[in-house]
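Presented sequentially are two complexes of chain A, the first with chain B as partner and the second with chain C.
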Partner chain A sequence: MTTTNNQGDNEVTMKLNRRRFIRHAATSSAIATAGALFPGISFGSWPQLANNSGLVSWQKAPCRFCGTGCGVLIGVSDGRAVAVKGDPNCSVNKGLCCMKGYHSVQALYGKDRLTTAQVRKNGTLVEVPIQEALDLIADKLKTTRELHGKDSVAIYGSGQWTIPDGYVASKLFKGCLGTNNVEANARLCMASAVTGFMTSFGLDEPMGCYEDMDHANIFVTWGNNMAEMHPVLFSRMLANRKRRTNVRIIDFATRSTRTSQAADKSILFKPQTDLAVANAICYEIINRDWVNWDFVNQHVSFHRGKTDIGYGTEDHFAFKDQAEAISFEEYSRFLEDYTPEKVEKISGVAAKDIKYLAALYGDPALKVTSFWCMGMNQHTRGTWINNLVYNIHLLTGKISTPGNSPFSLTGQPSACGTVREVGTLTHKLPHGVVMNQHHREMAAGIWDVPLSNIDPKPSYHTVEMFRALDRGDIKFIWIQVTNPMVTMPNLRRYRDGGLKGDRFVVVSDVYPTPTTDIADVILPAAMWVEQEGMFGNSERRTQHFAQIVDPPGEAMSDTWQIIEVARRLGFEQQFPWSKEDYIEKIWEEYRRFHAGPKHEMAPYSVLRERSGVQWPYVNGRETRWRFNPKYDPACSNGKDFDFYGKKDNRAWIWARPYEPAAESPDNTYNFWLNTGRVIEHWHTGSMTRRIPVLHNAVPAAYVELHPEDAAELGVVNGEMVKIISRRGEVTMPAQIQGRGVPVRGMVFVPFFDESYLINELTLDAFCPISKQPDYKKCAVRLEKA
Partner chain B sequence: MMKQSEKRGWVGPCIAACCILGAAVTIGSPKHSAAIDLGNFDHQGQKVFRSYEATPETYLAADSGDRNLARFYELRQYPGSPPRIPHGVEASFSGDESNCLSCHGKGGYSPEFGKFVPVTPHPENTLCYQCHARVITEKAFGESDWQSIRPPRLGRSFLSSSPPPIPHSLQLRENCISCHTGPGAVVEIRVEHSSRGNCRQCHVPAVQTAPVNEFVRPGP
Partner chain C sequence: MPVFSYLATPKRGAKTTLCVDLAALPYCEVIPADNQDLVVLITDTPDETKEKELQKRLKSVQSLQSLSLTFGYDDHEQPGR
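After this line comes the complex of A and B, so read on.
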């Protein structure tokens, strides 16, 4: 030790001498000096612009990646995006981003960007002018419809569609072509959040906003690794815990993560048993008389639905729930199966931990915010678990006030904006649902199409849409801004389906992916700020971005691609806009669907100016907390709260039981398989892997094992493990004691890596109400490879 | 004296922020506007003073000469991007406060790395891995056509003897002391007069990525 210190001291003395030398040498330009000192090294390891003025102009945009909706400022120099900083004017992130946001602009510049259209001729993709590809698409659409009927064509988009993208897709397919075959990957991502909101409140999207974080005392993360998936929000939580002394974070999860490490308390439960634990919390709240009776008597009604509702693993599966009003006493009797002691046996959560959670929710002095995302939504009882967490907040009246917030987060930048608000799901319209005559009339009126065009019957939800493609009921599918050949559960069936002889698959994307691999036509798309558009984030915030840089080659916005095809099909009247102002015109048309205090959207001119605007935007004011008359202009009952979404003007508490997962470990397939993300990569990695910093941090996927399971299997870190399910197998490196540690009997695999298609193993079971698949639970066995 | 000027410093930006943002942050009442958190955008120098007070003179003046600008930019993708983590970290690394800030909070000598440690200018942001990525491989997924601007030039004084302006944005880099003094500082940007704590008394922000605007008297 002493020797080291002496050496250190000597080094300091030596360097001090050199410092003096530098001081004398550095007269005008220190760069020149340093260049002389360290010859051969140029500053900045990145290639520099040819026209390197060093000047940068900054323009606002929402981040391209997750549903947080951080405001970023994009630095532009010489027509290229060259830097990013957090937008200090954006209340979402207040000037801070995450590593994905800071490097997001690099995703524009991968050398393998798709810049020309390609058409498969005799089995190989050949480049063609984009107009020729668009002709072919229009022709195929037309002839397929004529030969096989209107429901033989489909469009599949995503929560990364801009709002205009989704709007024109819905207008063309539902309004003009008369098919409800419009779906988006958000079905795989937050359909259960939607049905949870609809069944509990009658209106979609959170009542609260991110500002809840600055008021809450208790944060409970329900199966939600926020530290990696929503880092900007998580660090705001940590900052609050640091600044205020009365803040605690409780992580409630099936696997130990960075969120668990940062939390004040980590509680682990067995997969699927969150249903039982949520009910046990309610049991305890009632049993201890922590119910907020003023709130419950005025604002809550009790219901139950069907039970033993199935898992949807078979084709043509159909289910319709039936709500039945019950009394508080009936609800309370239902909960008797869920005493903390009984639930301890099901869930593995100690009764005292359940009571602890109940005490936090039940304490009237504490403000509680619950966060969740995929853990609760990708769940074969996803709607139910959403309902059950609302139950807790409703029994205690901890809702719609600053800091008291059941908060459903989203994973994609415009899952809310484009899929939930525009309604790019088979049963939805921009306002309401296809089943409703008034809603169809409104759509037909605004879209300028005959009412008879809009089919009152929903067709296929996402899983069923790809099953229909496999069966041959769908012959033509246009996939935009998503990568289903990595993300579909039970992937092999759906890839084989897409490859069948007479199926015609069009893919619009920015990079080659496993989905473009099966395409018959590839259209090069403009990415993010290469086009004008809007996203909508998790807290009802609409965020406009201008076109900041030019798209490469013949790349074109997804909106314009659809307009080009629509016009070729003879719908010039419905798609009359010019390239100069089509986004503004589309926005102002779309906005008519949401007129009124419950969902009023800001005008285009306001969106352009600001770093996002929250709806309802009424009389120049945004609404931060819905259902609370202090903030929400749509409240009209004169009480403290007005849950105007439901006809009885009440929020609904649901008696929903615990039912097991679709597939649980048994003697043959003895492990749970859980899938998800890492902070570095987003979705299927087609963008983030082309960002050097992110790829270099996590270059490949891996399987996380509990150390004892790894020891029994005889594998050490980095050794290959074969994971086998009833549907497929994959061999990948083990990670033991990494950033996440699954419990014994569970493995975890991130899904971003197209070299290890973990979704060939997952099961296409879904929540019968929301039709959202469960990517978190299926049974696998392991072998040392 | 300082306290007073600090206070004035806070009121101004609050009002300015309200005007600029308008209803963008849904200012419900004047009471609410006070809740806008400007703590993260302390361009008022408060942070510099605090940090200066907390750093011993000998440390401020020390210089290891270990780090240079070339290395500094090697870890970045463009001027101002969050640097990657240039050293190994455990696989279980959670990037939490105690792990990173034990060294990067106050600096000092690390026997483990045999180096003086650079100090973070924003220790209040404790979720370090939110922005700073580890390096597992240098191999790229594919080729990139990424280009960016040259880093800001140093020593660009407006007059031959005037103090050079601050060439970079102060967002997340408000604390001059952390990067420009101490033995972990980058040698080319180290100040020689660290005994003076009020950096922005002489050095004005003139971000090099923005054009220099000359004063033009508004017309009648």
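After this line comes the complex of A and C, so read on.
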């Protein structure tokens, strides 16, 4: 009897705790929404959870979701993460979170969480002990290399890999196994940002920081729906506009969004023509003599590259750009094709609006910050449009000072920290590139491997890697922390490729997904604060998190999975660490790659204490603005700016023309298809769709139509529409006058819902320089279903 | 056992009255904003019948201008694959 009563009491206590948690989530949601609508609103009478119960302990972590890098405090009770609040000590979000952040811990506890390893036997996935699965992976890796060569095996990770995850993946595959078949899904979301930085400045990642928002007068969002994709940063922008009288937000986009609604001015342009508009702004700045000549003469040089560069839709596509120095006069002549009046005809943007934008950038009294993310990066000329926005800031000298900032935002929590800084792309090393002898020597020295192990030739970028899997050039692929069977463009080809008989696919994940559906082995992964790790956010901030709760069942960190396999392959010497301190040891080894004032990283002990540290971290001081000697310890030329990434110590302005999209609407396929995200869901929804509040808010994907297109098609809200491209079709409910409204002739579909695989329709065309696909533009036709 | 939260906007000058009116209803918790005419309302009813009754009573609150739903949860719904 007593036992039964106790159990009953426990159940009641648990339900009450759970109930209280849900009520707090409800309260948090309301307060967060109020904060977004009324910046500065205060609810002083809301009691803090810790004060009420005294049972919850709080530990810091970065949020698991987007690239903003909000600091959160995770509330733990009885070994379970039960609550989240914004970390007031984190300068990124100063105590605020978005709806995904507030509900993030619920993603740990979905009912179908993967807790055991599975191996496909006779076509069926069978649960096995994880050690048996790791044995099989090591055996398959070994035999595949022996039979088919070192480049027949690959690893594909993501910007959600922790820094140690990516580091050990690169060390094993590039350093020990000798293949450059290391890629990450960040190729799909920010590769153009990288090549934009590299071609304009010679160094990756933003020169500014989020503090720019507290100084800028003008914000221009370039194809960037920050209200939904970076809501905490957007709130900070709105708060600044409310607090200061001289702040304006200009939304420049191909579709009306919540960002457009909140902006002071919304300017819509035809897809791909942002290239022409950016050039027209530069034309106008020069024509009106708004150039900052002191800055340009001292710190800028002019260049052009190849044109008519293709789209990469064919296998084995290769392209190498070639920079040629030009004079300012030649650049100025190039821009004569881009007068505002000429560009109005190409872009649909009124010449007066182009002149208005130019006047904002050109006014020396205004500080201007430009934000962008997927709209500019997922673009067949993604590198170019990144260059062109830098051109505007460079012509006017509005860069590297508080409030003057061309700011490329990232979408994933460690796209910067892991993929860009650790270098988990085929051509990269933790410091530099595989093509550079000195960089290979450094890597071989730190990794304790023979120099000859590191192949000087890059192999496959992401799209080509999955093409190689389809062709059979790659036979073994290990996919961690990502869901390519939802996210790859032209998806059907790559799913069919992965399913071919002699391919071996390993997937490490936390929930079943369309990618685990094609796996031969599934490894249950520890998620977020179930392991120790670090992320790196959009503003060069490295953020450490401790293991706060235990992973379920046999789930194991992705880092440790790789270490286990490496040791089975005979690399004990390179992977010698113990489970107690492997993250600290890996960090301190990795940090050696970045020694020096340009990229010095904080030591482990400092990272543990703080809610993130910005690099370069030199002599105990973080760097807010790079290339500016007032803030950046790497500046050494004695001038007011030092663009030390390029050999000529100057930032490069590029003459890049407008070229059309790879596929545009025609008589048969007469609509643009644009894809993207919604605020409630993270990427493919594999986590957020298991959070009841978020799932119920947006339970299924939909196709947004312009009301007049919907009327012509004869559909009303909720009716089914068939969308057909040259590659596939999908039928889904219509949304008209919802949160987003596309222009006439365009439809928009969010990609979070695996029930509607919109990427079966998209085109695998990419920017020839960055190799990043364009998910924003292909041609479709519509039918009422 | 539904839990909902709302942003409640009072009629002009009726914020204090609205707080009193809402707090008097069963299953309701009220958090007024300190510096805006806005009130957060959290409802936590034991079952659907009580929820429907409460919804009816909310509609009759005279000091209430509008309610915007910000959160909804029901124990019976368990999303997954």
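To be clear about the criterion, the second predicted complex is superposed on the first by the 731 of 785 C-alpha atoms of A that agree within 3 Å, B and C clash if a C-alpha of one lies under 4 Å from a C-alpha of the other, contacts with A are read in each partner's own complex, and residues count from 1 in each chain.
In the analysis below, a contact is a pair of C-beta atoms (placed from the backbone, for glycine too) under 8 Å apart; a residue touches a chain by one contact, two chains touch by 3 or more.
As the structure is a prediction and not an experimental result, all values here were calculated from the model.
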Partner chain(s) touched by A:Val56 [first = chain B, second = chain C, both, neither]: first
Chain B versus chain C as contact partner of A:Asp112, first or second or both or neither: both
Chain B versus chain C as contact partner of A:Val693, first or second or both or neither: both
Which of chain B and chain C A:Arg624 touches, first, second, both or neither: first
First (chain B), second (chain C), both or neither touched by A:Gln614: first
In the superposition, chain B vs chain C on chain A residues touched: B
Doubly contacted residues of chain A, that is, touched by chain B and again by chain C: 19, 22-23, 26-27, 29-31, 33-34, 37-38, 41-46, 110-112, 689-690, 692-693, 695-697, 699
Residues of chain B that touch chain A when the two form their complex: 20-26, 28, 35, 37, 40-41, 62-66, 68-70, 73-74, 76-82, 84, 91-96, 109, 111, 114, 124-127, 129-155, 169, 171-172, 183, 187-190, 192, 208-211
Sites on chain A touched by chain C in the complex: 19, 22-23, 25-27, 29-34, 37-38, 40-46, 110-112, 511-512, 689-693, 695-697, 699
Chain B contact footprint on chain A (complex, rising order): 1, 4, 8, 11-12, 14-16, 18-19, 22-23, 26-31, 33-34, 37-38, 41-49, 52-56, 75, 77, 80, 82-86, 88-89, 91, 94-99, 102-103, 106, 109-112, 214, 227, 231-232, 234-235, 238-239, 242, 258, 261-262, 609-614, 620-624, 631, 679-680, 689-690, 692-699, 717, 735, 737-739, 741
Touch list for chain C against partner chain A, complex: 1, 3-7, 29, 31-36, 38, 40-42, 44, 68, 70-73, 77-81
